[in-house]
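Two complexes follow with chain A in common, the first pairing it with chain B and the second with chain C.
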Partner chain A sequence: MKNEKKAIVAAGLVIGVISALLVFFGNPVNMGFCIACFLRDTAGALGFHSAPVVQYIRPEIIGLVLGACIMAMVSGEFKARGGSAPVTRFILAVFAMIGCLMFLGCPFRMILRLAGGDGNAIFGFVGFALGIFAGVFFLKRGYTLKRSYKMPALEGQLFPVLQIVFLILLVAAPAFIHFSTEGPGSLHASVWIALAAGLIVGGLAQKTRLCMVGGIRDAVLFREWKLLMGFVAIFASALAMNLILGAVTGTPFFNPGFAGQPVAHTDGLWNALGMFLAGFGCVLLGGCPLRQLVLSGEGNTDSAVTVIGLMVGAAVAHNFGLASSGEGPTSNGKIAVIIGIVVVTVIAFMNSRKKSD
Partner chain B sequence: MKQVDARGLSCPEPVIMTKNALASQEAAYEVLVDNVTAKENVTRFASHQGYQVQVEEQGEDFLLRITK
Partner chain C sequence: MTEYIATFYSHYGAVCFKKNCEKLGIGTKIMPVPRNLSSSCGTCVRFWMEQKLSEVSLELNEELEQIVQVDGGSYLEIYRSEE
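Let's look at the complex of A and B:
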């Protein structure tokens, strides 16, 4: 196995272990990491939505951006760039988030849900893969959001700096920041453990280019398996760690089944359609929500706009009653996912050109 | 010699452009990219297709010379 493949498998194994440990240290079950959920919680903490059970400034997000930022600065890869269709990216991100919140998780959490025995995530995975195929179809037809340009250094630094502001708000906890007292938002590992976990995973993901969407995409497009190996490694190590933690603590961390899974619902069709929208949207965005956080830490302001779009999407999803709950999807959510699939398809079509070069 | 300017584009686009270019079956190609990920991905793809790749740094860009 080549060095970079070894590296991404090793990183995936470490990330799987950290993800399982975060649940042990207090995160919601099967939610060691969930970029969609954590951005949603942070948006709620800032008062962008008022769902009382999902409000908390997640230090993992702060750590992921800063970990990637530090790693990129050390290796000289930090470059401020942007200007590649930011409004289109913003819209795509809003709908990708609506898809994630239909399913109740980003692609990263989908892997962790599978590793925790949540069978509903199998439907999510099928939809996710189909969404990626849809995106690849347009990539092959020449889909592009056109090139980005060099930006002033400060432009690239602002988003990482914003994370430090979030950390200060989290620690200082002023009255205008909302913190859930019950529900998933109230369940979290301690600030410094979560921050450290984010920093490590952010650094590893930057170094290895880990991306949940890129794995299947590159395998289909180029028969290139590197990124997919990272995806599989996370699954394998989170699964193994869940079994070990279950044996050591006496509380099962691996609970195979469909009904009663934590922060999940059993509507297979809408689990699949939600992740179809997320997978499709993320291919058009060039990477999964985790990858967008990492890129935003590298100075990519298009990705920073994407992350802001994800946060706004989360706020919209809760303000308009689109997000699913343990009871299942909402009718508003179903309509929004259908609209999302239509909008994303139109964006894909309008930005595709016939192969001329 | 075929030239591909993939500056400003992020993966997978530079790799798709390279793949399309390689289909023209010329003896040599030059691909210009401006980020390390694209450099790595194009290099990996071309090597897997049986090409030799030489990387030359040009300021903030990378010129990849691809030959059979």
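Let's look at the complex of A and C:
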């Protein structure tokens, strides 16, 4: 047990350092990793949406899935499974992504934004924690999407193979793949550095089961703090690295405050509500977006469907004008988040065994 | 006293199993699945009893994945659900 805790903290420290270094190597500020943003960028690169500033096949995503896949195969933990309410998971994922893009980041980026001094992420964190409490309320009332079943090995291998196809498309850069020439999508570390970072973090996250949602969920349900300590470690090491990089390069990597934060807005209520929706949805999905990528690498096809749902959610968010920008949230986005909270609540209620008690 | 761990496909399955154990007077603790037992991040029930597992009328619900006997630092598989 103690070794498990040490492994999680050590992994968190390494991941925090890698996250800060990715910004140094070219990623947008406070966006060493952001699963929501990177899936959105990849969806844009494939032409699923046409927001020109957020289109790039992110090698970090490819690396995360393949890193988890390799680690799972080496340790004999790769198991093709699926069949646990895939359509429900898809819909939950679409709305979880809409929540993330209201806030402008996934739970992972929320921690990195805090480590970069972005005070707006505090509101996101409060909303995220409340969303997890809402999900735990339904878990205690018997919420379940029912069990998964063994699948043919090929079924579990397809999603990791798809990542290799994405890597080929990124490197070959055919005309039908979109590349942002300005905005966050144009800011990125080199392909091989980003891929290596993804592989390392994917492997570590598979080994330690790192999950932001699981961390708070386990703390609330079982008073078990192990998983949460991983993210505390990410925050601490990313913060330390930001301060060190700032001192060494003369460019501030830690900018405390609320206004003018990179790829962020200052509307506290909607930052909180966006992450409330993301946290609520992710508890019902059984893990944060990072965890879903890792599970999809382990052969879990329900998680692969979830990741596809996250990408579709990102495309919907940009096609329908739901995603926030540095200017703030949009009216469409606010309506979508409210609809999302209602839909997720209905899904939670309908899948709770005690609903008729 | 023999110690066992039951893992589940859902949190709800673990809660039902725990209640069933408590009805039979079996000591239980609900907790996250130990990492060295599974790469899943679900809920498990750790339970202790004098009798053999086969001597107790435990209800094996459809959400039950496996039951292992804890033997020092290792696990001996006692039951696994049909895939």
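In this text, the second predicted complex is superposed on the first by the 353 of 357 C-alpha atoms of A that agree within 3 Å, B and C clash if a C-alpha of one lies under 4 Å from a C-alpha of the other, contacts with A are read in each partner's own complex, and residues count from 1 in each chain.
Going forward, a contact is a pair of C-beta atoms (placed from the backbone, for glycine too) under 8 Å apart; a residue touches a chain by one contact, two chains touch by 3 or more.
Please read these numbers as outputs of a predicted model, since none were measured by experiment.
After lining up the shared chain so the two structures overlap, which partner does A:Thr144 touch, if you call chain B first and chain C second: first, second, both or neither?
both
One more residue to check, A:Lys5. First (chain B), second (chain C), both or neither?
neither
Examine A:Arg353 and indicate which partner it touches, taking first as chain B and second as chain C; both and neither are also allowed.
Only chain C; A:Arg353 stays clear of chain B.
So, does A:Glu224 touch the first partner chain B, the second partner chain C, both, or neither?
A:Glu224 sits against chain B and chain C alike.
Which residues would you name on chain A as touching chain B in one complex and chain C in the other?
Chain A residues touching both partners: 4, 75, 77, 84, 139-140, 144, 146-150, 209, 214, 218, 221-222, 224, 226, 286.
For a test of understanding, state which residues of chain A touch chain C in their complex under the given definition.
Counting only chain A, the residues touching chain C are 1, 4, 7, 72, 75, 77, 84, 139-140, 142-150, 206, 208-209, 211, 214, 218, 221-222, 224, 226-227, 286-287, 291, 298, 353.
Could you pull out which chain C residues touch chain A in their complex?
Interface residues on chain C, with respect to chain A: 9-13, 15, 30-32, 34-36, 39, 41-43, 62-63, 65, 83.
What residues on chain B touch chain A, complex-wise?
4, 7-13, 15-17, 19-21, 35-37, 40-41, 44-45, 48, 60
Can you check the complex and tell me which residues of chain A touch chain B?
Those residues of chain A that touch chain B are 4, 75, 77, 79, 81, 84, 139-140, 144, 146-150, 209, 214, 217-218, 221-224, 226, 286, 295, 300, 355, 357.
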